[in-house]
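The same chain A turns up in both complexes below, where it pairs with chain B and then with chain C.
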Partner chain A sequence: MTHIKRVVLLMIIMNIVLLSGCSSFFVENNTVEEIAPVIFWSIQEGESGKLKISTLVPPLINEKKSMLTLQVNLLKQGRKDFNLVYYRELKSGQLRMLFISEELAKKGILPLIDTLLTDPDISQRLYLVVIKGNFEDYIRNQVDKQENLDYFLYRMLKHYETKNQGDITVINLHQFLKRLYSPFSDPILPVFKVNKENFIYHGTAFFKDDKLVATISDMNDQILQLLNNDYYLKLLPIPSLAVSLGQIRSKVIIKLASDYSSISIKVNLVGRIEEYRGDKNIVDSDELEDLNQEIKSYLEKQTTALLRNMQQWKVDPLQVGTHSLTPFSQPIKDEEWLRKWGDMELQINYQLDLQTMTNVNK
Partner chain B sequence: MPSPSLFEKSSPFSGVYFMLMVNRMQMLYFFIIMPRHLVHPYMIMGIMAVGILSQVNLMLLSKWFSSNFSVQGYQGFVQLLGERTVRVFAFLGLFLILLRITVMTLGFVEIAHQYIFPSMTSNWLILSIFIVCFYLASQGMENTIRFVVIAFLSTIWMVIIYYSFFFPPIASMHDLYPLMPPEWSAISWKGLLLVWSSLSGVEFLVCLTPWLRPKQKMLKYLTIANTISVLEYLVLFISSLLFFSSNYLVKTKYPVLDMVRYLQFPAYERIDIVLISVHLFVLVFVNSIFILLFYGATRILLGKGVQQTTRMGFAASFIIILVSILIVNQWFWKSGEEQNIWLNLQIGVGAFTYLLVPAFLLVATKLKGRFKV
Partner chain C sequence: MFWKKRKSGSDRKQNDPNKEVENTTLTLDTLKNIVVNMDDAEIIERQINPDHKVTLLYIRTLINQERLNDEIIEPLIHHSPAPIHECINVCKASKVNDLDEAQRQLMEGAILLSDRSEDQWLAIKLENPLSRSIESSETETILFGPKDSFSEQIEQNVTLIRRRLPLTTLKTEKFTVGSLTRTPIVLMYIEGLTNPELITIAKSKILTIDYDLFLDSSQVAAFMEDHVHSIFPQFQQTDRPDSCVYALGAGKLTILVGNTPFALIAPITFFDLFISPDDYIHRWLIGSFLRGVRFVSFFLSLTMIPLYVAINTHHYQMFPLQVLFVLLESRSKLPFTPFWEAFLMLIIIEIIIEASLRMPTKTGQTLGVIGGIVIGQASVEAGFASKVLIVTVGISTIASFLVPNYLMVKANRLLLFAFMLLSSILGIFGMALGFIIVLVHLNGLTSLKQPYFAPIAPLHMSDWNDLFIRVPLQWIKRRPVSLYPLQKWRSSRRR
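Presenting the complex of A and B:
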């Protein structure tokens, strides 16, 4: 009797196993010698609405590197097709950077970004970069001269991201999307200019929703770092006043009028004068005061111009709108905010506290 | 194979075990999807309010734990309600247990499938989880209750890793505004129901009183467990608000896990995989308890409540559970939360039983006491 029971039990268990089907446990094969975990993808506009995506393989092994480029309709199609043209399987688990061409960014990048976000393999710390110029040419030209080019580009972005070094804008996938979806804040991305020889930081791109609307560079970009992004600059050279400021830390106090008709931005800068090539004797306190005034008015003028531009473009990358939020009142609508932001009166005020290095002398 | 004394009671447990059990039952699967359903910053108040309500409910439940009927276990229920009624409740309990196990397991399997084994057939995952549950449950009720210590210690540390979301540059205060709902209609009632439902599961512990050392201050332990759970909910919800801000939070499926993916540790980047795997301890523990309860309820239903447990009986009830979960998974489970009736059913049923069981037992004891006098 017990014998029959056991047989019945065994049969039932067998059937349960069979119900699960005969598929294998894992389909992934991650033998290191056989895969190519790519570090970056570069996406440009291709012909007739297609995407042109390229990457550098193999990323880590000591083997001659080559560039793969494909024209595809879909991002994932590219991932699949790369495997067909290359003898190693490409894996996206180590994807660290995404280079998007400026033309593509102007048309909107949300579908691309969403694809990357929903892939559990891809880290949300993926760096997004807008590229002006032909990135492929640069890679093709440089890959022989410099080993592990892709890896060093990644290290560069990572270097400036950690501890907000205050030189360049570095934005990752999550930060971009959080700014994209949140009201009162528009996303920004770093812009790099490339030609055959160089890969140069150009400035910061402003996005309206997922479309690039404007790019700022040089002094404007530095001011952006001070006002919002890092609140710190290692160096701020002002050529027109023949002065370089260093180790600047900023404290920004933003006050909105209750009817949103005006905004006052107070910026306290603490830093030091590290270089001076003008004709003032800055050891003398009166002349130093003059220089301070010049720097102050210069910064105020520049900042006002930058903010006027933002108002014109109807973007709010400084996230000024978040200052309208309070714990016990209802937030205003995003569109309403942008309209009010467009014709808001600006009052910008800098407060400088600059030390002189004593050996700067005339 | 199960020993002949599956429900043996050798030494009674202290209330600490129950505290851990209550807490872990409240931290099962639902807390992962909770932030997405609550969304708005003012729902922080909602979690607190539901936590306080739950505390009131636990006060009622602790009255039952201190009554004379609870100490006698099955006999106590029979005395209180009569054998026929107990059987009816056991019959209902079978479905409640089955639903609970199904939703919790399949929800978890869906997560594991998405984050860890996207290429694996989900039935294999279910099968492997249940083989572990079977082993644990077959060690008997006592050993299963002891396992709660492992389940608790292996998962409680998870809250700590969310600390980094509370500091800049990720956190900014304005993501938590406004703290007051604009109007009553803006409150997500379904979200509140979800919080209430995720605090449920405690009501099934009334069946475990025979293993409890009698004459303890149960209220103290229940309060601690409930407080820890509510605090954990708050930490997870606030950190996900800070990380995503409410507009982006709606668009994420499993916010609690996606956030962890953002953390990068030097040695290992996919912390989410560790978290999900470790969470399996809790799932296995709760499932094993419920498998044993299922078997117990079947025995009561068949009128064999006082007889010896048998291997065949236990294996049979285990297989019933496994087969029904596989069937649900194969044909009836639809991923995607909004349409998933199973999930909605469990939210409703869980909330319902958590609300009614303590009150019902209290009323029944009071009535019985009055008739005696």
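Presenting the complex of A and C:
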């Protein structure tokens, strides 16, 4: 009798679990050889307010690839219509990259992002990238030359994301949304410049809510990596001073004045001078000190200019506003913070601790 | 009309060989009647002197004929007036009074000797010592440590244990099971150490055994098990005397069965099946590592193929792109679904394993080569299986053999099929469900009425020092608490 009771109990538990929707009795056919799990979507502005959505098929298999492009009103419409033009069902469960054109990003991407967020198939580890130029042309041109192009783009982003390699900005859907919906924080995204032949990292795009407002590149982008994103740069070449710094790690201390009139940003940099082609004899301590001073003032000037721009654009990607929060006082309102942030006086101070290469001698 | 008519009780009684010559008095004629049509039965009658006639009755194939000549025939020829039992040179002669006893002794290798002058029958044990020598174990091989293993001779097996445990408290209680085979069983335990409740349970279980043939200890175990339908072995079978001694020392029972080299150890837990004598021979860190590898490989052998089936059938979105890339590439042109692909490969593997057990050793190599080519290369080239599955099946199969207990290996293989079916229907959720069912089952199992999943459930933390890792021997101060031994401490100072 006890055995029968146990079996009945087990059956009841199983039925409860199965009926609750955990089971896959009635879910889609996901047999891997019958589906095409696409790994990127590229979204551009289409004609008459439509979206132009593209992807590469077959994904992840070494077969001849082709580009599918559709003009649709809705993102999900694109997802559905892709299946009608391709013999394998396109699944979005392995969607890893979303390339958004700069023009579209400037108009706002919230509807797109929300659609992706609420789709249970799509992981929040979806890399978001802003594209300057025509991404379709690049793919069409490269697809014959380079097998698994889409997969290698994913591997590139994943490589730089893991352990913050300190070269480029990599942001996924979760990070973007966290910055978007957090107070005192504005999202950023990496920007890549494409033409028919090249896919080049350009810099970082600043967003005001869901709209792209500005893009920074080159030295400004590198300083952003040090101040906020990675706190690490493998290499920082400063051509105007004929010096390359390497293995730089930064510690940023931000202090706000109690009346929000000024902000002091102290950056402690530890690294080494890896290349020097200037006139100074950096083995000599006095001349090395001079060089250090030059680097310091250069970085301070650049950082001040960058922050001035941020103030002008009314964006706060460094999340400086979070420093206004204190345990026992009411937080300042977002709009009020941005107004104060725009008028804030900047005090930037770099402390350098740079090692020299011993074989640099004149 | 579709059923055969049940035979009446009297018919069945006639078929019972034991009841055939019931209530018959012990005389030479009745004995002759018994051995009729037995070619190897010999009756020797000898007139020693005019008023003294001796009759010998024995089964030629069961006795030692050299000893018969030296110890019985010779002294009888040079017979002195002394009584027969005083002149023969054997130490063990017993009087036989009834026919049943005479039959039993005759078939156990005794010589029945009738002394007409005193009108009595004597049974003299002269068994044929036909046995193989002590060899090393083939089923549980170890690199270092004692090499001897049990043989089919139960007395010899008892000797191997007694030599390692020279204790008067090591008790050996003998039983006989099997109405046809009359297989001897020896229940061994250390008095004053083993929990008496276990001894009582084991004895009562042995006494209730009622069957005709017992050719191996596993059949005895089948009658003593608490849960007949479980796929998990509830008795540990071993042919290593050192394993038996370790078990006895821990407070367990050992059951030796005649005519088989495999002894039974009980009560056991699920985790005992993962313990090898190697663990106590190596340094503790290495021993622990090896034990860990065994647990991991058991888990891997159980999950790798179901996971392959689950990913390929249901969960393409849950896995890293790198893994999916490899899977898609290898499965892109296969005709079978992942389940049937894995099922076919596993069946082929099982066929090869079974064949390698049955085939002579010299053809084993051929089998290995053919198996390797069929499994490894041909099936991939023919497009029946993917490369990933071949690797998975290979690792899973090898991993399943890391468990020292062969019965557990087979249980593992069967579980694998069940898990595979579940994963093909319900994906990883099905595997999780399978694990829950197995865990529930393991928690309900008992071995000699003792919990099978101890020391995890019920929890005995002090036994964990010899569970997943084996701590230094000096730290294993207590005998397993889950066995409730009468002497808790291994150290003599704390006893």
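Observations on the structure shown:
Simple rule for what comes next: the second predicted complex is superposed on the first by the 336 of 362 C-alpha atoms of A that agree within 3 Å, B and C clash if a C-alpha of one lies under 4 Å from a C-alpha of the other, contacts with A are read in each partner's own complex, and residues count from 1 in each chain.
Operating definition for what follows: contacts are C-beta pairs under 8 Å (C-beta built on N, C-alpha and C of every residue); 3 or more make two chains touch, one makes a residue touch a chain.
Everything quoted here is computed from the prediction, not taken from an experiment.
Applying the stated contact rule after C-alpha superposition, one finds that A:123 touches each of chain B and chain C.
After overlaying the two complexes on the shared chain, residue contacts for A:322 are found with chain B alone; chain C is out of touch.
Touch criterion met: A:31 reaches chain C, while chain B stays clear of it. By the touch criterion defined above, A:61 reaches chain C but does not reach chain B. In the superposition on chain A, contact of A:10 is made with chain C only, not with chain B.
By the document's definition of touching, of the two partners only chain C reaches A:96; chain B does not.
Of the two partner chains placed around the shared chain by superposition, neither chain B nor chain C is touched by A:152. Shared-chain residue A:39: touches chain C; no touch with chain B.
Once both structures are placed on chain A, chain A residues 17, 23, 25, 27, 123 are touched by chain B and, in the other complex, by chain C. Interface of chain A with chain B (complex): residues 5, 9, 12-13, 16-17, 19-21, 23, 25-28, 120, 123-125, 164, 174, 177-178, 181-183, 322-323, 325-331.
Residues of chain B touching chain A in their complex: 114-115, 117-121, 123-124, 127, 169, 172, 174-180, 182, 243-245, 247-248, 251, 258, 261-262, 264, 269, 272, 312, 315, 319, 322-323, 326, 330. Contacts from chain A toward chain C in the complex involve residues 6, 10, 14, 17, 22-25, 27, 30-33, 35, 37, 39, 60-63, 91, 93-94, 96, 121, 123, 151, 154. Looking at the complex, you find that chain C touches chain A at residues 311-317, 321, 324-325, 327-329, 331-334, 337-338, 425-427, 429, 433, 437, 440, 444.
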